[in-house]
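Look for chain A in each of the two complexes below; its partner is chain B in the first and chain C in the second.
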Partner chain A sequence: MSSIQIRNVTKRFGEFTAVRDLSIDIEEGEFVALLGPSGCGKTTTMNMIAGLEDPTEGQILFDGQDLSGLRIQDRNIGFVFQNYAIFTHLSVYRNLSYGLEVKKVPKPEIERRVQAMAERMSISHRLDQPASSLSVNEMQKLAIGRSAIVEPRIFLLDEPLSNLDAGFRAYMRAELKVLQHEFGQTMIYVTHDQIEAMSLADKIAIIDRGRLMQYGAPLDIYNDPQNRFVANFVGSPRMNLVDGELREERGTLKLMLHGGAEIPLSGKVRVDFTCDGSVHGGSFGVRPQDIYFGEKRGGDDITMTGKVEVLERVGPKRLAYLQVQDTLFVAFDDLDRLRVGDEVPFCLPSDKSLAFDIDTGRRLGGA
Partner chain B sequence: MTDQAHTGATRTIRPQGYWVGVARDGQKMGFWFILPTFLLLLFIVIFPFFMQLYLSVTWWTPLEGIPWYSAWEVFSWFDNYLTLATDPRLWGALWRTALIMIVAVPAQFFLGMALAYLFIDQFPGRKLFYSILLTPMMIVPAVVGLMFFLLFQGTGPVNAHLGLPADFSWLTDVNRAMISVIIADIWQWTPLMFLILLAGMLGVPSDQLLAARLLGGSNWQNFVKIILPRMKTVIIIALVLRTVECFKIFDLIYIMTKGGPGVQTETISVFLYKQTFGDLEWSYVAAIGLTILIVLSVIAAKGLAYMARKQG
Partner chain C sequence: MKPSPGALALKYLFILLACAVVLYPLLWMVTMAFKPYPEWTTVAGLTWLPQDPTWQNFEFIFRGHAEGLVVSLDRTITGPLIASLVTSICGTALAVVSGTLASYAVVRFGLAQSLPLSVLQLRLFPPLAVMIPVMVMWAFIGAVDTWWGLSLIYGIVTLPFAFWLMKTFFEEVPVEIEDAARVSGCSYWRVFYRITLPIVKPGLATCALFVFILNWSDYLLALMLTQKEWVTLPVYMATLTSAMGGQMYGMKAALGVIAAIPPVVFGLMIQKHLVRGLTFGALKQ
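Moving on to the complex of A and B:
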């Protein structure tokens, strides 16, 4: 088990910069997800941690120690590939024992550890069979077991669930969480699926175009996104984010939306938008589950009126798409009384609304 | 009912014209399509086979003064087969063929494997070296024979580079003639081995190799435990191909040494050539050819059966 410090790491491939000045501290035993859209540099970051790529600039320290001089085979890093990279020409047993065999661990001990790991992964009935005969979910377990058996200093997982079907993915997500708890291992998990990251990780590092956008506990990231990108990326359904110009009219500050509508700002969100006097354009963000219908509950909440365009069932609730001029707001139809075509008033809670600078994307004000 | 009606209809149509019947009857069409190939096979395989079988039980030679189909006049039972069983020159030629196989094929295999391993990674000039390495394979064997014939002359470049005197002979020396021939064969056919093995090596999934390295396997361990087992089929194909080719080795030797000095580099093909066109012992050559065919067929059948059993 190791702690990892990624310090000001930059990786360039020719003209292309995959990772820019990235710094992340990972504590011993932590489960960290690297989350971002495809091509954001998360896999490159993981490859640098594994030693498959060298950083162009910066350092990666394991327990304060730089391993950059060490060959890949001497680093003792567990790596689970997206397609598992099972040795299909070997038996399940030989797959599990490979990491011990090459380290010349005595036979009886290999036997004991392989049996124990197979037991743990519930593939012991498959030990003598060729690994190519396993099902995808068994391969997944074998891939994890094969890495775990050598007790690596850290564990890297590259989108390990993306090849699984939806039902088994949910099961494996729970299973991974249990395994991580059992192994007590430092784990780094690369994914583009925010639900996976949210449900599994102790901490999430959100990366966009090679830059770290935010690093923190899942709930902090969800409730307190530091910039427009994180606000937009995390959460399902997505946060309502509307862009507009700030304009002062007869004492009220308004956000004139590009779609034609306007949001009169009041309370906390007004303070947020004005805390930095230089901002003229902003993004207003509010999560669908925070929008409510009916009477204003807080004095500072903002009332708007919109036309119900579409109602969409999501599980037990319905999502309402509310059109205000040319802007769409998405909200949960909490009372289940809306009908398509209705003109309905709805409220944006001031204290749960977020303000972003439209040019830099950075969060204005804050918690 | 419908079947009967259909056949009935076909029957009534057929006499109307030849092509209608052919177009309706796929089997008949197929017969005409394969007929040319069938006749060709008959001419180049089956007819010569029986001709060979026929001649091999006679004493017929072109000098006999009677046409080959009248060879029964000099019918000899199995005399040719008895002769070949105890012919020291034949057994010597077989042994020398085997010797070339035993030395050249493994040498080509190991050199080819080593070269292939060098070529899995990218490096500057890889394409250029690749093309250069493949050149020997594309030269006509007779030309390679001529090249090495010139190289190994007493006053040739080999002796000059090694600082050996002009009377240090290669191709006319009892032992060194064979060495020269083997060197030439290795030079020419290592590239083919390299080409096949490289293709096989590149077929090993790179993520599995990476996984093996991350699990702590050294390059050698990963080569032995991951790369080699995965290349098994390709290796077998390469070895079989080269062994079979080696058995037929002729042009290289014929140009370099003509099988000499004496019979020191006489392989089975060279021996048969000399028997056929030098001594005109056609019935004897027919017996030898047939024997080799039968022996090799048995070996091949056993080998195929073994492979089928291992897979099934």
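Moving on to the complex of A and C:
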């Protein structure tokens, strides 16, 4: 078990910069998810931690020790690949025993550990069969077992669930959490699925175009996104983010939306928008579950009127798409009385709304 | 959709015809090898099967003479057979080993990006065009009529084939499998020979067979670069004429039968890899 410090790491492939000045501290035993859209540099980051790629600039430290001189085979890392990378020309047993054989572990010890791991991953009935005969789900288990059996200092998982069907994915997600407890390992998990990251990780590092956008506990990131990208990326359904110009009219600060509508700002969100006088374009963010219908509950909340365009059932609740001129707001229909075509008033809670600078994407004001 | 009986019949008829085109000369060769001298020299009354089967032709090429024949040979098949085996096997080994290593370096490490095309150039011009310079060079280094001289040119000439074939096989191996092995603690070399090579084994076997057949059936290079000691089977076959009897078809047929054996045996040995090797690129990972 190790702690990992990623210090100002940059990785360039020719002209292309995959990772820019990335710094992340991962403590011993933590489960950290690297979350971001495809091509954001998260797999490259993972490969650099594993030693499959060398950083162009910066350092990666394990327990404070620079690993750049250490060959990958001496780093003692467990790596589960997206496509599992099973040795299909070997038996299931040999797949599990391979890492131990390379490390010259005595035979009886190998035998014992392979049996134990196969049982733990419930593939012991398949041990003698060629690995190529396994189903995708079993390959996944084998891939995890093969990486875990060598008791690595850190455990890296690169989108391990993305090839699985939905049912098994949910099962594996829970299983991974259990395994992490059992192994007690520092785990780094790459995913583009925010639900996976949210449910599994102790901490999430959100990466976009090679840059770290935010690093913190899942709930902190959800409740307190530091920039527009994170606000937009995390949460399902997505946060409403509407862009416009800030304009002062007869003592009222308004956000004139590009769609033609306007949001009169008041209370906390107004303070947020005005904390930096140089900002002229703003982005107003509010999560669908924070929008409510009916009477204003707080004095500073903002009342708008919109037309119900679509109602979409999501589980027991309904999502309402509210059109205000050319801007669409998504809200949970908490009253369950809405009908398509209705003109309804709805409220944006001021203290739960977020303000962003439209040019830099950075959060304005905030906690 | 199930094909109609008519279409099916047509299909089989076509296959049958195609087989006949291939098998008929082969059958002719095999039967002729067992015909005694009068039977393969006669113009009238040619028969499909030997009327009086005999080992006469085989005896003749192995011993230089045979009972009932007035002609004799000053060279038996033994020398050329050994020469062919030695040079083909060495040339194949050379081409496959260097082709495999080179293509792996190109595919996995991105080394020598121009190598694939420059290797291909070896096959872009007719062999005859470079034959004379090669003869001069080989004479200069004393490689004419030696086993290593012929093996060397076989290795060089078939290298592009081995290189390109192995390149496609290596491209099929997901890099993650090798990464996984490296993470498990394998060195580059160990990854190559314990993980990657076993995975491409079908390809390796297929490649070796093809290269072997190319070398085994070479006539031109052996004709130019050997004189006496290391004459190979195809060149030797061309010399099987007699001043009295003209072309010795029966003996040539016997020689053909013998010459066909090594590639067939090789093919049978790697049969289980062959189908996989031939369809390697077509299969999804």
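To be clear about the criterion, the second predicted complex is superposed on the first by the 367 of 367 C-alpha atoms of A that agree within 3 Å, B and C clash if a C-alpha of one lies under 4 Å from a C-alpha of the other, contacts with A are read in each partner's own complex, and residues count from 1 in each chain.
The criterion applied here is as follows: a residue touches a chain if its C-beta (ideal position, glycine included) is under 8 Å from a C-beta of that chain, and two chains touch if they have at least 3 such contacts.
Note that the structure is predicted; figures quoted are calculated from it, not measured.
Engineer: If chain A is used to align the two complexes, do chain B and chain C fit next to each other or clash?
Structural biologist: Clash - chain B and chain C, as placed by superposing on chain A, overlap.
Engineer: Tell me the contact category for A:V150 with respect to chain B and chain C: first, second, both or neither.
Structural biologist: both
Engineer: In the overlaid three-chain picture, which partner chain does A:G210 touch, first (chain B) or second (chain C), both, or neither?
Structural biologist: After superposition on chain A, A:G210 lies in contact with neither partner.
Engineer: Please work out whether A:G235 is in contact with chain B alone, chain C alone, both, or neither, and reply first, second, both or neither.
Structural biologist: neither
Engineer: Identify the partner contact of A:L52: answer first if only chain B is touched, second if only chain C is, both if each is, neither if none is.
Structural biologist: both
Engineer: Quick check for you: in the superposed arrangement, does A:P225 touch first (chain B), second (chain C), both or neither?
Structural biologist: Neither partner.
Engineer: Determine, under the contact definition given at the top, whether A:Q73 touches first (chain B), second (chain C), both, or neither.
Structural biologist: Once the two structures are laid over each other on A, A:Q73 reaches both partners.
Engineer: Report, in rising order, the residues of chain A that make contact with chain B in one complex and with chain C in the other.
Structural biologist: 50, 52, 72-79, 81, 83, 85-90, 98-99, 102-103, 146-147, 150
Engineer: Using the touch definition up top, name the residues of chain A that touch chain C in the complex.
Structural biologist: Those in contact with chain C are residues 50, 52, 71-79, 81-90, 98-99, 102-103, 146-147, 150.
Engineer: Please name which positions on chain A make contact with chain B in the complex.
Structural biologist: Result: residues 50, 52, 72-79, 81, 83, 85-90, 98-99, 101-103, 146-147, 150 of chain A touch chain B.
Engineer: What does chain B use to touch chain A in their complex?
Structural biologist: For chain B paired with chain A, touching residues are 205, 207-208, 210-218, 221, 225-226, 229-230.
Engineer: Could you list, by residue number, the parts of chain C that touch chain A in their complex?
Structural biologist: Chain C reaches chain A through residues 174, 176-177, 179-187, 190, 195, 198-199, 201, 285.
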